[in-house]
Each structure stands twice: as C-alpha cells, then as structure tokens.
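One structure is given here, and the rest of the page talks about it.
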Amino acid sequence: MPDISVRIADIKFQNPFLLASGILDENGYTIRRILNEGAGGAVTKSIGAEERTGYIPPVVVPLDDGLLNAVGLPNPGIDGFANEMKISLEAGKPVIGSVFASNADEFIKLCRKMENYGAHAVELNLSCPHVKGFGSEVGSDPDLVEEIVNSLKSEIKIPVFAKLSPNVTDIIRIAEAAGKCDAFVLINTVRGMAIDIAARKPVLSNRVGGLSGHAVKPVGIRAVWDVFENFDKPIFGVGGIENVQDAVEYIMAGAGALQIGTAVYSHGRGIFSKISTELASYMEKEGFNSIEEMRGLAHR
Amino acid sequence: MKHSEVAEVVQASRSAVTIFFIDDTEILPGQFLMVWAPGVGEIPISLSHLGKMKGITVKPYGKTSSSLCGLEEGDLLYYRGPYGRPFTLDSGRRLIIGGGTGLASLYSVINGESTVISSARSSDELLFRGKFKCRNNIEVTDDGSAGIRGFPVDALKTIDPDLYSVAYVCGPEMMMYSVYNYLRNFNLNLQFSMERMMKCGIGICDSCSMGGYQLCRDGPTFFKDEIPELVEFGKSRTTESGRRYSMK
Amino acid sequence: MPDISVRIADIKFQNPFLLASGILDENGYTIRRILNEGAGGAVTKSIGAEERTGYIPPVVVPLDDGLLNAVGLPNPGIDGFANEMKISLEAGKPVIGSVFASNADEFIKLCRKMENYGAHAVELNLSCPHVKGFGSEVGSDPDLVEEIVNSLKSEIKIPVFAKLSPNVTDIIRIAEAAGKCDAFVLINTVRGMAIDIAARKPVLSNRVGGLSGHAVKPVGIRAVWDVFENFDKPIFGVGGIENVQDAVEYIMAGAGALQIGTAVYSHGRGIFSKISTELASYMEKEGFNSIEEMRGLAHR
Amino acid sequence: MKHSEVAEVVQASRSAVTIFFIDDTEILPGQFLMVWAPGVGEIPISLSHLGKMKGITVKPYGKTSSSLCGLEEGDLLYYRGPYGRPFTLDSGRRLIIGGGTGLASLYSVINGESTVISSARSSDELLFRGKFKCRNNIEVTDDGSAGIRGFPVDALKTIDPDLYSVAYVCGPEMMMYSVYNYLRNFNLNLQFSMERMMKCGIGICDSCSMGGYQLCRDGPTFFKDEIPELVEFGKSRTTESGRRYSMK
C-alpha cells in the first residue's frame, strides 16, 4: 500500500487531511472525535486573548456552490481554551493551535500558551476576512506580518504556520513577509456577501462574510501554485477540497498536506476516513509511493 | 433562504404562539428549521405541526423569538431547513415527555394511545392545553398551579414506564437528564430530542456539540444506546463564545 | 407595466442588461445580433493599441459552478476594430467601447478613437487578471488609476466607466482613485487556476486565469455593496448573474444596471430577453415602478 | 477534462490518422470535441466514428493536430464535449460532399444508398479511400492524381442533385461556398457543417461566429434556409486576434 502519511515541519501526520480552523473545532470533544474518526490532524478554532461571543446568527449562508460565513471569531479566550486542548490531545494526533491577534506581542503571548498546552504547532490567522482589527486586516500589511512572524520564530519553539488570505493584491508579497514561517496555509475564505431579496437585507448579521467550499477551489489552487513557484517551503492547501481529485489537484499544485473545512458540512465528518482511503487507492492505481512524489508535479 | 406567508397565528399558551404557514416540503417529526427574523437573528425552531400546513410554536425569550412571536397573518416567515435527524415512529404505546417549548417538537408524534406528560413553570405556560389527540395528559408545574407540583420525573413516578414501548422526550437539558437517569432503568425505548445553542444548524460551527456529536446533524434525536456517548449531556456545556461551564 | 429602462451617465438603456466585455463581442455581427435579440446595450471586447492574438487554447475551462478563462485579450487593435463598431452600432442601441492600456496616454488615444467610432461610453479595463502589464496590474496601482481617469475626463467627452478588479486588498481605495469616472463596473474575474490531474498540467495554456459565473456572485455583490456605501455614483453590477433573482440581488446591493457574461454560455444568447421579461414581472408583482426604486434597498 | 485511453490508431490517408477510443457518451453525427494535447494546444475535432468505440480522424496541420497524430495505443486522449448542433438524418438518398478532413465529420452519415464526393489536394490525401459503406464514390483532386481534376463543384456537374433528398457538406469554406451557390438552385435539402477557428467551443469567445451565430453552438450544422443569415459566409472572416479580412 502507498504511504499517505506526511511530515511537515517535523510533525508526522498519518494522513494529509487536517480539519481546517473554524470548523467543528471549538469544543475539545468534537476535535477528539474527528481525530479518532480519521482526520490526520486538527487545527483549532482561532483563539484570541479575550473571550468573544462572535456574531449573532445568521452566521452562515449555505449557497449552491459553497458556503458564506461570518461567525465572528467566537472563542473563550486563550485561558478558557486550555481544557479543550487537553481533551483534543487525548486523541494522540497532532493538534495545531490557531490564534489571532492584532500585533506581535499578543501573538507571542497566545502562542506561548498554545505551546504550553501541548499544541504541535501554531497557525497564525492572518486572513479572516470579516473581523475588524484582526485577520486579513493584519495579514495584508507586509511589515506587520514580517514583525509578527520573525518575533514568533525567536520566541516560540514549536513550528509556526502562516495562514494567508487570497483577498490581497499580491499574495507573494505577503508570503515573503512571512518568509520565516515553517509552512504556509493557503487559503482562507474569499470576501463575499449574500442578500435575501424577499427580506431585502443581507443575510449574515455581519453583512460581509467569507466564501468557502467548492466555489473557491480555483482560487486556492492558484495561490498554492504561485507560492510553490516562489518559495521552497511546505504548504497546506485548503479551500474547496471535497474529494480525492480535489486533493490531488492541490498536491500537484504544490501542497504537501491539506485541510478540509466546508466539506465537513457538505459530506459529513466521515469525509476524513473516506478521502484517505480514496487517496491510497488513487496512489496505488497511479503508481505513486508517497505524497512527496506527487507534490508540485504540475509544475514540471 | 426560503420564505412562506404566515397563514394564521394561534395562541399556544399565555405567551407562546403557533405560526402556521404553507410549505409542501416533506418534514419529519423531530426535525427543525433555522428561522430568520431579518435584521434581528436566526434561531432553531422545531416543527410542531406537520402536513401541508406546517406550524412552529415559539415562546418569546429574547430578541429573535420575540420578534417571531410578533408575526401576523400575511407576513413572511423566513427559514432554511429542515435539518436534523427525525424521530422514528415506533409502534406501541408512546410516552411523551415535554418540558416548556420542548413539547412543540413532540406534538406531531402524539397519537390516540399516547400518554403526554407536559410540564412548565406554571399553568399558563403549559403548551397546547386540551389540544392533545390522546386522553391521557399528566400536567406538571413548578409552582403547582396545575397538575402535579414538581418536575416530569415526579409524574413518571405515578405511572409504570414499562407499559410503554417508547418515550419521546424534549425539554430543558437538566429536565431531560433527570428523566434519562430515571427511565434508563426501564425496558422501553428512548428517543431524546436534545437542545443546545445552535448557530449554524448544519454541522459546521460546533456550538451545539455534545461529546463530539453535532445535535443539529447527528441529532437532535438520540436513541437510548447513543446517549451514554454524549459525554457532556447533563454535565457541561459551552457558551456562545465556546467557554465551557459545568452544569452541576 | 413597470419601466425596466435605466439611464446611466445620460445614456438610456431599454433594459438594464448589457453584454459584458469579452463575451461574444469581438465580431460586430455578433454584437449586432445580441443587441437585436434583446440586450439593453453591449460592452465590446477590450481593445488595445496593437493587434494581439491572445493565448493558445485551452483558453476556457468550464467548471461545475463557473468558468475559468484566460483568453489573453485577443483583439485586432483599435484601428482594426473600426468596422466592428460600425456594424455593432447598426442595432441602434448603446455600445460601450472597452479598452486596455498600460498608461494614461495610451488610454487617451484609444478612447478618442472609440469616441470617433461612435461609442456611447468607454469602459476602462483596469481589471483583467491574467495579462502581464495590463488590466489589474494597472488597476491595482491607485496613483496610476487616478492619473488615467483624471486625464481621460479632461480629454474625452463621452462617459468614462471604470471596471475594477476584486483581486485587490482594498477595492475602496482603487474606487477612490477612479473617483472622477462616470460609473463603476464591478467586478472583473477572480484570479484562479485549474489543474488536470490525469495530464498533471494546468489546463489553461496561460496557467492562471479568471473565475467568472455563479461561483463569484457573492464576491461581486460584496464589491457593489461596499462601493455603494462609499460613493454616490452609478454602478454596473457584473459577476454570476444568471436569473432575475441574481439581478435583483445586485440592484438591491446598489447596482443601477447589470452586465452578463458567463451566463450567455450557460443559458444561451436568449438570456437577455428572458431575464428582461422576468424582471418586468418581478417588479410588477412586487410593486416596483422603476429600477431606481429598488436600487440599494438592502442598505436601508 | 475527460480522458480515454487510445484503443487503436489507423491510417486514414497518407498523413491523417483515425484515433479510436472507448467512450460511452451518446454523441451524434456532426458534433465535435475540443481535443486537448496537454502543453501544446486544444482544437475542435469532429467524430468520424460513433458507437461505443468512437473515432476522430486528424490531419497534422500545425502543432496541436500533429501532436495528436503522434498518439499511440495506450496513450490518453483528453477532450471535452460533445459540442454543437448535430446533423439530422433525413430519409432518402444522401449526397455527401467532403473536402479534406471535412469528410471526417460526414463519415458517420454515409449509408448504402449515399453518393460520396470526396476531394483533396492529391490522391494520397483522400480520406477513407475504399472504406465507404456505399458503392458510389466520386473522387476529386486538385492535381488530378485521382478521379476528376478540380473541385467538388466539378463533380456535382456530373450528377443530378435532384436525385437526392439531402446533401451533407463539409470542407474548406471556399469549397463549401461554391457548393452552396451551386446546390441552392436545386430542390434537395442542404446540411452544411461550417468550419472556422474555434477557441472555446462553448459559445463565449466569438472566434467562430458567422453573422452573429456561433458555429460551435448554433452550428456547426446549418440548414438550407439558415445559410443566407450567415452573412459572413464565403465573404469575410476574422483571425485569431479578431481582425477581419475579406475572403474574396
């Protein structure tokens, strides 16, 4: 059987499919279950310094070809998340702590705590498109990104992953600024909005949200492709992965591992074990022995 | 978002109303809708009335439910769904145990041979009084203003659960937890409709999870043998922010 | 019957549905037919100073929920387009000349010719995402955009429309730079890519392309919403419009007129007359007398 | 993109080959595929062979067609489609007029009672020689190396078109234009499969348009009464850049 495990920044994942940040990863019991049911690893909900309740529902709008969301980064604050990390880690698989903050100092504090909680790595949310003062507002300022990543790399021992936004003029410029990170995570959601014409109102209570799911796959593929062309660094591909073909497309574009978010809604939690089996059969049929062999193949 | 015109609004208790609307979709007992009050909020609401004329029964708690309770005939009701795993309709005698608006989701499984234990704070909060298809209705109120003073478990002690093939239960979590701990020792089947905060309704936000299961998708209906897996049931829950607190 | 005609920058369109730039508008006979068959107006293929053959096919990739394209701005050059304009204008409806260039002087030359050809307005392609040196490379530089629009406004008599890209960090900043234009056109395609995993190659010969169609509608709605909130200027909404609901969603977000591209492929040329009839019935049913009455309604 | 394994490659003339592959999709006579040679290009190609085993017959012109002609058994053929309006199969005797690879798209409509006029520059370029289902085959070559020296119209002058109920025609545009101008005066039905540069194949890029119709979508088949509407037919066409030039 081909080997579908991957090693990114010295963390070994039994399969390349991680649960993406913000999807069923706020409650430790849920993370533990998803890992036990077959995810190769999990990224937690993005956690900040202070407790936030997030936006009033509607926080999601299911669309034909994707999902629009503006959950508003609800989270119990880093201290309140200690127990959830503990429960999550009981699965014995890698758990990556996602964090958001507006400056380097705050990021350091959060990441130190994640490190103490036993997170295998931290993922910096430099990309959430719908919360003022955080996410892509931070992640679109190259100087700030550089300061954050560089100071984290000198303060934190566990690997640092930078999750970038596609909602920027030049993603390469931002990736350069985050150049010291241990891996890139591409992409977060694409800014979007939906109006209900009968109610004559935006559906999301926050009005603007982020588009995810199948509709944004081409956007993610292009981001992974461009970053792979320009940097020699691991990439987590995320955005619209629903089946083995999507996964292989990301790998051939340059991703060394993958994250799945919206498809957990459209295909259920079972997607992790299903897609892992499918990937192994695909590799067997095509004669690939490892994911590394497939990685970036479309660039040749 | 779907929308339907409100056909009729009927009082279901002093404060709760049943909002009727026409929707041809097949919806099964125990499923729910995410109902939107534009500009206000969106909340999960069970179907109390099925068939071509559908009905939801809402009690005004906060902003969104209160806004829905203000709807009038001809207004539009906005919603998405149906969502969630329905009840299965077991044959044999049914024991129906509803607390507060929890009775709404059970209303459509009541048949002629059912016994309904309906509970509320006080008599004027009891839903659907005198409107059940069955003759056996045991009322329970916290303040004793109608029926038995106390909680549903007190009513259970007055009957023999093993005369029933199945119990359908919905209500506040601590009420369900005590009912569960009582009834698990009997032979009848159990179908619990669990209730937690639900922000998305589609299994993506984690706000409704219990022991790793999403109530909005794996539930809200859970069967007897599944309930032990819901390790948080009756023990701890998370707030809107995801902060965990103990229920004990 | 409600009035579905609109007036933008003093140009009257019998209905608000224009053919978008780049879709069936390179050949004068095609434009003439589409106008005769019911489009309210047409925007031409983007025309440059010199003849360009465009990219080698594959230039399009049909996806489940949209279309990826990198046609590469083929065009006969502004001089070679004179005759096509003549044929197009025979339909007696507004024809808007789309042009692309890399600096203000070139834009002026092109627009002057379009004016001479009888174009009712010019549309500046500041947004094509896949041609080096043009389109969004120009359109993401606020200073350059400002110079182009300002100098055009002093040199050209016909209205100037600025077509902006969603592939920027801050569309409001670019809209400000184009602030002197007579109308905004939102949006052009979203950068994307598709890889064929059997061939292990990007499908488009240019590799990167632009995503259009239903998948990008939320992106367009959000752009129109944001620009409407910030500017008091007409907006053409474009991106994923396939039916009357989509059209009304754009109008309620703030669009005063609409353009249709990809749906001409997915629904055929007949879409213009069909959607116009549907819009009239919708307005009748909902009691709207004019499009202006519906415009921006979701902002209330 | 779809892909199928090449089952067999057979010579169809000195330079053209027929590539056979298995595809269960229903494809009708006159429809075409957009065939992709990865890393090289994508071109429209008609189906010459229908049924479960499909076949395309390609002549090497430029890069993409030459690359396709180099495919061997076991290689993958990439394509999308089928696209375009098919021929309708009229009853009665069929007159088939094919110039160059134009004959490929006509091959599947040839039946026992058909007369085939096949034309090419020279004898070794004639497609499918001796492989027609019918006995009547009039060959025409520019250089006279086989059959009549000249053009298909010269062959038409040797027969009575009104003995046929329909003519199916495909070939270089000027050839089709002269055939059209000759045959329009007779009573038989006409079905012309038009050919122009096609970049997208799906009716969006305008590269294949004639008189406002997209050959890739409204055509490539056009009927007798429609041809006058194709005002550019035989008169002017546009290059890859969209530059118009006169064909006269």
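Here are some notes:
Chains: A, B, C and D, in written order; residue numbering restarts at 1 for each.
Everything below uses one rule, namely that a residue touches a chain if its C-beta (ideal position, glycine included) is under 8 Å from a C-beta of that chain, and two chains touch if they have at least 3 such contacts.
These numbers come from a predicted model, not from an experiment.
The fewest steps needed to get from subunit A to subunit D, moving only between touching chains, is 2. Counting hops only between chains that touch, subunit A reaches subunit C in a minimum of 1. A separation of 67 Å divides the Cα centre of subunit B from that of subunit D. We define each chain's centre as the mean of its Cα atoms; on that basis subunit A and subunit B are separated by 36 Å. Centre-to-centre separation of subunit B and subunit C, using mean CA positions: 51 Å. Each of residues 200-201 in subunit C touches at least two other chains.
Counting partners per residue, subunit D has no residue that reaches two or more other chains. Taken chain by chain, the contacts run in an open path, each chain touching the next and the two ends left apart. Pairs of chains meeting the touch criterion: A-B, A-C, C-D. The part of subunit B that touches subunit A in the complex is made up of residues 1, 3, 34, 36, 38-39, 41-43, 76, 78, 80, 199-207, 209-214, 217, 231-232, 238-244. On the side of subunit C, the complex with subunit A involves touching residues 63-66, 68, 140, 167-170, 190-195, 197, 200-202, 207-209, 211, 214-216, 218-219, 221-222, 225-226, 245, 248-249, 252-253, 297-298, 300.
Residues 23-27, 29-30, 32-34, 45, 51-54, 56-60, 62, 67, 69, 71, 74-77, 80-81, 83-84, 196, 198-201, 203, 205, 261-262, 264-265, 268-269 of subunit A are the ones that touch subunit B when the two sit in their complex.
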